[in-house]
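Shared chain: chain A. Partners: chain B in the first complex, chain C in the second.
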Partner chain A sequence: MSYTRLLAVAKKEVIQILRDSRSLIIIVIMPPILVLLFGYGVNLDLKGLPVYVYDRDGSQQSQDLLKRFQASDYFHIVRVVNGYPALTRALDDGHAKMGLVVPWDFSERLRAGGPVQVQALVDGTDDNTANVLIGYTQAVVQGYSSDIQLNWLREHGQAVQPAPVSVETRTWYNEDLESSAFIVPGVLALVMSVIGAFLASLTIAREWERGTMEQLISTPVSALEIMLGKLTPYFVLGMADVVVCALIAIYWFQVPLRGSFLTLLVSSAMFLVAVLSLGFFISVVAKSQLAASQIALLVAFLPAFLLSGFLYAIEQMPIPLQWITRILPARYYVSVLKKIFLKGMPAALLYADLIPLAVFTVVLALLATRAFHKRLA
Partner chain B sequence: MPEHNNSVVVEKLVKRFGDFVAVDQLNLEIRKGEVFGFLGPNGAGKSTTIRMLCGLLTPTSGRALVAGHDVGREPEAVRQNIGYMSQKFSLYNDLKVIENIRLFAGLYSVPSNMLSERIEWALRMANLKGQENLITGTLPGGWKQRLALGCAVLHKPPVIFLDEPTSGVDPISRRQFWDLIHQMAEEGVTIFVTTHYMEEAEYCNRLALIFRGKMVALGAPSEVKRNSMKGELLLAECEPLGKAVEVLQSAPDVIDAAVFGNALHLVVRDAAAAVPQVEKYLSDQGISVGRIEKIRPSLEDVFVSLTTARDAGEERKA
Partner chain C sequence: MLARLKQMLIKEFIQVFRDKRTRFLLFGPPIIQMVIFGYAATFEIHHVPTVVLDLDHSQESRELFSRFSSSPYFDVQRQLTDSRQMGELIDQGKATVGLEIHAGFAQNLRKGQIAPLQVIVDATNSNTALIASGYITQIALGFAQDYQKDRIYRIAPQMVERIPSVQLESRPWYNPDLRSRWFFVPGIIGSLTLVLVVTLTAFAVVREREIGTLEQIMVTPIRPAEFILGKTLPFFLIGLFDASLIATVGTLWFQVPFRGHILVLATGVILFLLCMLGVGLLISTVSSTQQQAMVTAFFFIMPAITFSGFGFPISTMPPWLQYFTYLSLLRYFLDVLRGTYLKGVGMEILWPQMAAMAGLGLSLLTIAVLRFHKALD
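After this line comes the complex of A and B, so read on.
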């Protein structure tokens, strides 16, 4: 192994990256944009859901109930209408996610102590949102009802006993249940997959396509020197992207970094080597930039996006898909990321993820070194 | 041991791609400091041979020694001792001139105390002094070829392989290129060059004609011309040419007839005897005959003669 030759290849690769605007965009601009997009765009929190109200009673009591909806962060009462058609139209147009109808005899029946029902019309096109809405609505109405009961008891001179059993919830790791805290760390895996697999998949294919490979392999440079010389610049740039994305996550999105930054860097380095090796291997096999980039998209980017647990919980996937996730390095990396950021687990407790990740890294790196030969055809 | 004086020794070299035999039982010995030309039409096996000698393709059978190293077993030792210029320009178009030079100096591990001297030398040789910062892709063809040669010889290799180095280059640049090749040969460098320009072959010390993977002639250009013609050559100016060539194909004394420019070249057994017979034969067919005389064959004549003889032989076999 000659460092002179390795360095010559690496320098050449750096010059080519700096002169190629597409590579530069992917390395410099895309990572922060992905973090911002996912940090803001993919918001699984439901807040301020638009609600239309049709209050047929218009009494003090019905206003009390509606005020409770207004006071909640989850609802935003957009408009009070006076008829079903307006309500239906609002749901049809998507102006409202829910229509709340208070019956005309609401206060009367309350006074009589009888049961009374409030109608909630929920837009069920997005089942997740609908479920959450129904849950929140029930909670608000339940609260209102039990207050009425307590008041009634108090007025009738009874000893007041609040509901005998209640759940006191406390959320750990992501206390405010902010989805950005859940998603943003995982974006690192996505960024690494693009930089690693996608850019590395072009390296060897580009030399074949442009005809420069023939001259390159006629020199004494070894296959390993070519591989390391080509991948080292991407490794350095990829690690810089890790740091940039982590800083955006921590300082912009206020994602807590509870574990050590060093563990973050080490696990990122492992994952980056794995995807770079994978991309390099694809590049050797595909020999054309177009084919290589498509394969890289298919085997690195899409799994990192859909199956790594970055957006969708692996435990909720069908069993066969869950098995498939076990052969994805991205799965282990995402898991490590979430544990480092949110749980602050020390490296020693991450072995269940770090060991498989290390195995993939070594296997893929070996595969890549074996794949490339200095031969034509 | 003849191998000590020889830079390249090729023994029974064969390369097959599936059923296709690209190089068939090739034997060669090239001396140190020789400019050796490898001639043949496209697809004859020139590039395949050169690629095997550079360790880029593995021979199917046979062996080849380059600068004393076996191309099959020690390709890396071979590569340290050769400079190679592929047929298609294959430096990096998106690098500057100087960046390409530095890259190849690094790949050939040119020692740092010699680096600036070698870079300087390459720039002067390629006549690119002052153009160091141009992007390589913007250079004209002739400049690119000289740069490619400069990059291939930065490490002063004892053997240089040039695969059609002057294709697509203007005549003046071609001349300059050959001057460079001869300068290097004078310094003891062995040069193996393929070409399909027959006039360029005259610049070589020795040459081999290759056709369909087989060597059909070998020697100095003058020897090849003298020995490889089966008979003597006549030039005949006649009108109309097309009809003349057709009727002469079947004339009894003519071995072969081909159009060269605005005249015919005829291969005959004995020129003196054939001239009157051909004249009579043509005028009997109503073809007007101008000048007709014995000429010295060019390499092209030799080549056409050798390849048509081989074609005819194969047709008989089939």
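After this line comes the complex of A and C, so read on.
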């Protein structure tokens, strides 16, 4: 292998990248934009959910109950309506996530004693939002119920102590439960999958498609030199993107970086080599850029998005799917990212993720080299 | 004109279906992705690994913990003996939730003083952490309520019948069992259609330009309008076929109900495809290489999915960001999909979404055609 030839191929690739200024701009600004997009756009902490109220009683008591909803951050009482059709309509067109109905005999039945039911019609389309809403509503109604019971007992000469169980939750590693703190590190994996798999696979598929690969092969450059020369510029770009994204995460979104920056860089480099090799492999197997891009979408981008643990917890997936995630480098990388950023684990404790990641990196690099050799032969 | 269009269509279909690989790539991956992502994307939690530490050893503490053991959401794996163990297990990722009751819990409860349940949640996945915290609070509140009921019964059994209480009757509409799959499957149908049609169309024209066959076509008597129609119609048909395929597989495999009218959905699909063709064409008119087209397509796809309400509620985004969601064409389509699938609503509710897609789709197509004319001059 000659460094001069390798550099020559790399230089050719760099010129090609630089000549296409728009792609370059996108490669440079897309990663920060993705970080901002997910940092601001993804917030799973539900607050201010729109609620419509139908108070059929209109008494002091029903107002007391509704005031408790108003006082909570979780609900936003958008409108008070006077009929079921308006509630149905609001749930149908999505203006309300919940319709709260107080029965017409609410205060009367409270006076008479015994249980009274308040109805919550919840938009169950989004199961998570619905679950959270029902939980919060339950808590408000229960608090109200408990207070009127104690009052009633006191009025009837029975002093009963309340039973206040308080839940003191500490959320480790992400004390404020900021969605951005757990989302943003994962975006790094997404960015690199895009850069590595797409750009790399297209750049080589393009040579095949245009027939310039034959020209390249007819020069004294060896297969390994072509591969390394083509991938090195993208490796440099990818690493630059990692640094930029990490800096935005740390300084803009205040995501704590508890582990070492060096470990972050090393594991990122490993993952980047893995996805670049994967991209190279795809481009050798696929005959056209169209096919390459579709395969890259299927095996690199969407898995990094949905199967890596970036958004959806792997432990909650069906078992066969959990096995599939084990053959995805993105899974190990996302896990490493979270452990470095949030848990601050030292490199020595990351072996459970770093070893598979390293194995995949080597295997993919070898596969890509082999496939390329075979294709040339 | 029709004869020329027909020739153009024949050429396009031959080009697309000539390659066995491309043929498979058009229909295989969408189905595979539908099934895999249908399983992966879930916000439900089950059997979250939980460890408990009971330092009170009272009947009350045992009763509270037994409620966690019998809950399907938590899997109480170990009874610990000291709190250091708990920290270690959570650090190693072997437990996600740690529950701790200090000595004096039962005593406090009997005296009516605050009795804390200490909770530690591993928040590296803030989504699981949030949902688990919600269930923990619900279980603890349920315990407190029953405890108070028991106490009233012991102190004043004669009053139990007459004591007023407010109960919540929650009715989740559209998705009574609150299944995550019902929420995500329509979203995945929309996202896959988006990714497929935009990337295919974006490549279509650029490919001809890159290979140099665009000039050859332009010297034939074909008019630009015929060319564009000939280019987009196949992808429209493929998109329509794929959308129906994905929707059928998703609906049957995951048993998602379809409650609306098929014609309403069909209208939505056609309007959405118009938008996607417009976007794809526009991308292909501003790109000169396929790599450029792919990168630009990505620049559109990522925000479109993030801001569509696919998995992240729009209502929790910062208000300034919520305005951007109106630009995400997918947002309207998801409303139509979820509206027809789960809510069973028709045009009377969905007309604003349909109008938005029709308006944006036509504008995009017009701009694309105008730009295309200019690009040819």
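Just so we're on the same page, the second predicted complex is superposed on the first by the 334 of 377 C-alpha atoms of A that agree within 3 Å, B and C clash if a C-alpha of one lies under 4 Å from a C-alpha of the other, contacts with A are read in each partner's own complex, and residues count from 1 in each chain.
Convention: a contact is a pair of C-beta atoms (placed from the backbone, for glycine too) under 8 Å apart; a residue touches a chain by one contact, two chains touch by 3 or more.
What you see is a predicted model; the values in this text were computed from it and never measured.
For chain A, the partner touching the most residues, choosing from chain B and chain C, is C.
Within the superposed three-chain model, A:A120 lies in touch with chain C and out of touch with chain B [touch as defined at top]. In the superposition on chain A, contact is made by A:D20 with both chain B and chain C. After overlaying the two complexes on the shared chain, residue contacts for A:W152 are found with chain C alone; chain B is out of touch. When the shared chain is aligned, chain B comes close enough to touch A:T212, but chain C does not. Of the residues of chain A, those at positions 20, 210 touch chain B in one of the two structures and chain C in the other. Only residues 2, 4-5, 7-9, 11-12, 15-16, 19-20, 210-222, 374-377 of chain A touch chain B when the two sit together in their complex.
Within the complex, the chain B residues that touch chain A are 17, 51, 54-58, 75-76, 79-80, 82, 84-86, 88-95, 99, 102-109, 148, 151-152.
For chain A in complex with chain C, the touching residues are 20, 22-23, 26-27, 30, 34, 37-38, 40-50, 65, 89, 91-94, 97, 109-132, 134-135, 137-139, 141-142, 144-146, 148-149, 152-153, 156, 158, 160-175, 177-179, 181-182, 194, 198-199, 202-203, 206, 209-210, 286-291, 293-295, 297-298, 302, 306-307, 309, 311-313, 315-318, 321, 324, 338-339, 342-343.
Residues 19, 21-22, 25, 29, 32-33, 36-37, 39-46, 48-49, 64, 90-91, 96, 109-131, 133-138, 140-141, 143-145, 147-148, 151-152, 155-156, 159, 161-176, 178-180, 182-183, 195, 199-200, 203, 207, 210-211, 287-292, 294-296, 298-299, 302-303, 306-307, 311-313, 315-318, 321, 335, 338-339, 342-343, 345, 349 of chain C are the ones touching chain A in the complex.
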